[in-house]
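Note that the chains are named A, B, C and D in the order they appear, and that numbering of residues resets to 1 at the start of each chain.
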Amino acid sequence: MNIALAEPVAMKKTREGFGRALVELGEENPSVCVLVGDLSESTMTHFFAQKFPERFFQMGVAEQNMCGVAAGLAVMGKIPFYSTYGAFAACRDLDQIRVTLCYTNLNVKIGGAHGGISVGPDGATHQAMEEFAIMRSLPHMSLVVPCDFHEAKKATKAAAAHPGPVYIRFGREDVPVVTDESTPFTFGKGEIFGEGTDLTIVACGTMVYEALRAREALAREKISARVVNLHTLKPLDRELLVRSARETGALVTAEEHQVNGGLGGAVAEVVVREHPVPVEMVAVWDRFGQSGKPAELMDAFGLRAKDIVAAAKRALARKH
Amino acid sequence: MSTHVEPTATRAHARGRLAWPPDALAEKALEVRRDIVTMLIDAQSGHTGGPLGIADFGTVLFFHEMSLDPANPKWEGRDFWHFSCGHVTPVIYSLMAERGYFPVRDLLKFRTFEGHCQGHPSAHDTPGIEVSSGSLGQGLSVCVGVALASRLDGNPRRVYPVMSDGEQQEGSIWEAVMSAAHYKLDTICATIDYNDIQIDGKVQTVMGIAPLAEKYRAFGWHVIEVNGHDIPAVIRAYDEARTVKGKPTVVLARTIMSKNVSFMEDDYHWHGKPPKKDEGERALIELGTTYEAWKARMLS
Amino acid sequence: MSTHVEPTATRAHARGRLAWPPDALAEKALEVRRDIVTMLIDAQSGHTGGPLGIADFGTVLFFHEMSLDPANPKWEGRDFWHFSCGHVTPVIYSLMAERGYFPVRDLLKFRTFEGHCQGHPSAHDTPGIEVSSGSLGQGLSVCVGVALASRLDGNPRRVYPVMSDGEQQEGSIWEAVMSAAHYKLDTICATIDYNDIQIDGKVQTVMGIAPLAEKYRAFGWHVIEVNGHDIPAVIRAYDEARTVKGKPTVVLARTIMSKNVSFMEDDYHWHGKPPKKDEGERALIELGTTYEAWKARMLS
Amino acid sequence: MNIALAEPVAMKKTREGFGRALVELGEENPSVCVLVGDLSESTMTHFFAQKFPERFFQMGVAEQNMCGVAAGLAVMGKIPFYSTYGAFAACRDLDQIRVTLCYTNLNVKIGGAHGGISVGPDGATHQAMEEFAIMRSLPHMSLVVPCDFHEAKKATKAAAAHPGPVYIRFGREDVPVVTDESTPFTFGKGEIFGEGTDLTIVACGTMVYEALRAREALAREKISARVVNLHTLKPLDRELLVRSARETGALVTAEEHQVNGGLGGAVAEVVVREHPVPVEMVAVWDRFGQSGKPAELMDAFGLRAKDIVAAAKRALARKH
């Protein structure tokens, strides 16, 4: 499939996709419950709160307890989604996530808002950029990173349908809408968003849009780039990654996350085990974020289409 | 559910609330202690002190207070129990086996590669364990969630978290304590094994938690202080808890670590180590049996 | 260190304890509020309510109570302060700038890519910030460590953690509270901005923390309750704290979120949003100045 | 350098190396402090406690606070080491590690005891196997995984000398002593423990011994394997890894850790970016541990010399 970007491209928040999907889930399934850590508007769980107050649980600023309470709800057959900023969702209650959720393999969903450098002015503490590495390391955990509003809705629905713990990463800002209701989404499977033969750009979250822009720019230079939207980082679509390595011979990964152990790491692990090819990584280079406008930060941290284009050329140069 | 059931070996598998009389409970608590020591002799790994101290109130929970169905652990009419202090597996597994969740002989495979009785409670391995634990301070939150879910379902289920006292140092406990009071969860009746001992010594020396009753009261809980080895008193405590409305209850069960084994009592060195064969045999003699005799009973 | 220093603009940079009189402190608190509103108008991002509510007791801390050396932030004779509620950066930065840590004009680069005044306190960026914060519930522990280190060094340093009330829901706070009492850290004098508001509404509705004084007492602390806007009363509270021996002190400062801006007071919607230009101008007029005039003063 | 294993090889605990080194550090430097979370004997910090009671702080079962208190000590110029089981050290206080320690870049050292499946009968909750991925993702954090008693001592001393946060991973059991006091150890640099030309085995912690045994077995089959002891996972010795990839053309990684984001991931990330070659990974395959004897578990989870040998042959078969 080749995704065609609308001009001008519409902008919408992934976390709103989360909030809207929760309401639809609440209507479809009386077992769906929502918990929040004093951030109902930021996580957009307030839509659900208004519609289903009896199934909405305000937990205050206490992430560890929120995780454990969600676990208890799941033990009794509910499908709890709990949500706070990703930096706290992934770090403050990690021990609870590891032992109570993952070891027991409970049907609890975690909505991590405010992921990535594009969080902007709040600065480093609020820019979650380690969750991919953390969640990937946990047995039984699944990890989904939707690229836009529509995919965020689908990912939230898919998480509810998938038994076991799932972490979903959302962003803070309006981001380009690259998919629509009808764009295919399969939990655990990547999607080819643009065909190509010279190399493959594997991206997730907001970087999928940058990858598609990079593909256009490369096309102008007669370079044919495949774009894979790898929305599910765990379980990983090894088959598609290996096929892309084999068919295009070089890869570029693009993520709004630390370079160590994230999407780039997941791709590298598969590639060296199954079909070694050059991989270039576009990511945050093992440093903390800072305050600034989201656009300024995406530029300064090298997370733009032009950075993917440069990485693509480096990868091609290493291709034999 | 509170109909009194005659205490006979077979009836231990019965569905519902057994409500055994104190003398039968005392006898069962003694058997549980024997199981604990025997399984630890064979495992040569695991925790001795906490489990022996919990045996009495634990027996009241499983054979008097709680409504359970060992044959059908997920029975919808069940009360919910969860040991947040996962390291006390010897007493958890013994209570479960004696109550009928699985064969008593399984206890002799404690902490082995083949057995299902993991070092810390594993929902993945042991029938009847609903939530894994072993990292302290996580279990009360789970119970808050269970109580909220039961309320949503209109299920009168009562919820029985068991915690240790060193565990009270974990902040996550106080988050859960705060939320249980905020949501007025009067179906929660927690028990704390208040033996004043943790790994490195006396709790008051390591990191003081006193006055614990005042802490729980300031957090909006109903507090009942009781001698955790006085079975009739423990029964009365749980009866009182069932009458409390609008707030959760915590039973501060004053216990003696390794209770009833003279050379282990109140000694923190027994927190986490098993008795050597000869030590265990001496302990079993103090408990009125022998290793061979009790192991044979467990295997039968 | 407690020699009274005349309150003149220049002397704000003086080393040691300024011990300004109440009238001078009230004047400075007003200026701090003007800084806060003006910097937020320019940043169009950041927290308004908490900072405006903290301005009064914050000014007492920086211009009366604490011994500091803005020119040499690591001065070994300094008292230690740390805002565990890192989101109140507007008041933190204003107090620092007014006290002389860095030029007041830097406040106008709050939350920008170029400025050093990050959205949440960053030791890496701002001179005088010793520990980064922004994730709630971590700061009191840091202060316990600072107090222990100072005791080891035989340094009489006093330690001033500032916390918010919603933050009291974090279990990590209660771990720190327990340890400060266990180690009898009477050099610690914490202040809690008790405005009964957090992001989603009233603290009591979101997740009740009352009775907070009883909680701290049950955890072994000396508690002083005070109107956080009554400057003489706040001064007396910190004086009292200095006389307490053998236990840490917490000052429960009852405040009104967004204090002194009528249309923002006690409204949780102002927790985390900045005033739009016109709203900010109205606020500054209520604070006895104008946007242009105060911005000019800040740039001068 | 070629390490010659003594026969029979002596056995000693890495955590004892930690405990002994702390005492020596305490003698050398009055700023060194030690904190523990109610596990002074398990972490072997009791040696320090006996010698320097005034600089030893018992924090009870409260890991978040222990981390923050250590931070406060560091702010005032102390060099605090805090310790508990790795599962809790890395997960229970991760938010404090990320914001207070790493973002501030404080001089705090974390001793994570009981790492790996070899922890044995305690079972999954106590077998830390995610710390590598977690610590690697944090800016400013360093990560060291010593292979034996002597290296554990050196690593502890090196951590004290290195400014900034450092996480050191120790095991529970007696493990083979493969080094001695004189074996070179440089923080941030890997060591070649056995020369070889056909492939390179990159190992850390207890797996270094298994790697050396695998090298002997491979030699008997005329396969020449280089063994790299990559004790420091962060900062990573990219130069040595790339050189080994270039010189031997195939790699095997061996670690007592989840396969996602650990040593294997770190090596894969470097290799695909700088010199793609086949890599086979010997690790815990994204599953929780269980109770059992340490030896039983090392066998059952495929963490033995024979598993490295098999991986080496797979890697060689893929080498072109």
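We adopt the following convention: a residue touches a chain if its C-beta (ideal position, glycine included) is under 8 Å from a C-beta of that chain, and two chains touch if they have at least 3 such contacts.
Please read these numbers as outputs of a predicted model, since none were measured by experiment.
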Contact steps required, at the very least, to link subunit B with subunit D come to 1
Centre to centre, by mean C-alpha position, how many angstrom separate subunit C and subunit D?
-> 42
In whole angstrom, the CA-centroid distance of subunit B from subunit C equals 46
Inter-chain centre distance, subunit A versus subunit C - centres from mean C-alpha coordinates, in Å | 37
Quick one: subunit A and subunit D, Cα centre-to-centre, how many Å?
-> 30
Multi-chain touching residues of subunit B, meaning two or more other chains, are 122, 124, 132-135, 137, 169-172, 175, 178-179, 182, 207
Per-residue multi-chain contacts in subunit D, two or more chains | 59-60, 62, 64-65, 87-88, 91-92, 95, 98-99, 103, 124-125, 288
What pattern do the touching chains form: line, ring, star, complete or other?
-> complete
Across the complex, what residues on subunit B touch subunit A?
-> 80, 122-124, 130-135, 137-150, 152-153, 171-172, 175-176, 178-179, 182
Show which residues of subunit D lie in contact with subunit C when the two form their complex.
-> 33, 54-55, 57, 59-60, 62, 64-78, 80, 95-96, 98-100, 103-106
Would you mind writing out the residues of subunit A in touch with subunit C in their complex?
-> 36, 38-42, 58-62, 64-65, 87-88, 91-92, 120-126, 288, 290-293, 296-297, 300
Within their complex, state which residues of subunit B touch subunit C.
-> 137, 169-175, 178-179, 181-182, 207-209, 211, 214-215, 217-220
Of all residues in subunit B, which touch subunit D in the complex?
-> 43, 45-46, 86, 111-113, 115, 117-120, 122, 124-125, 132-137, 166-167, 169-171, 198-200, 206-207
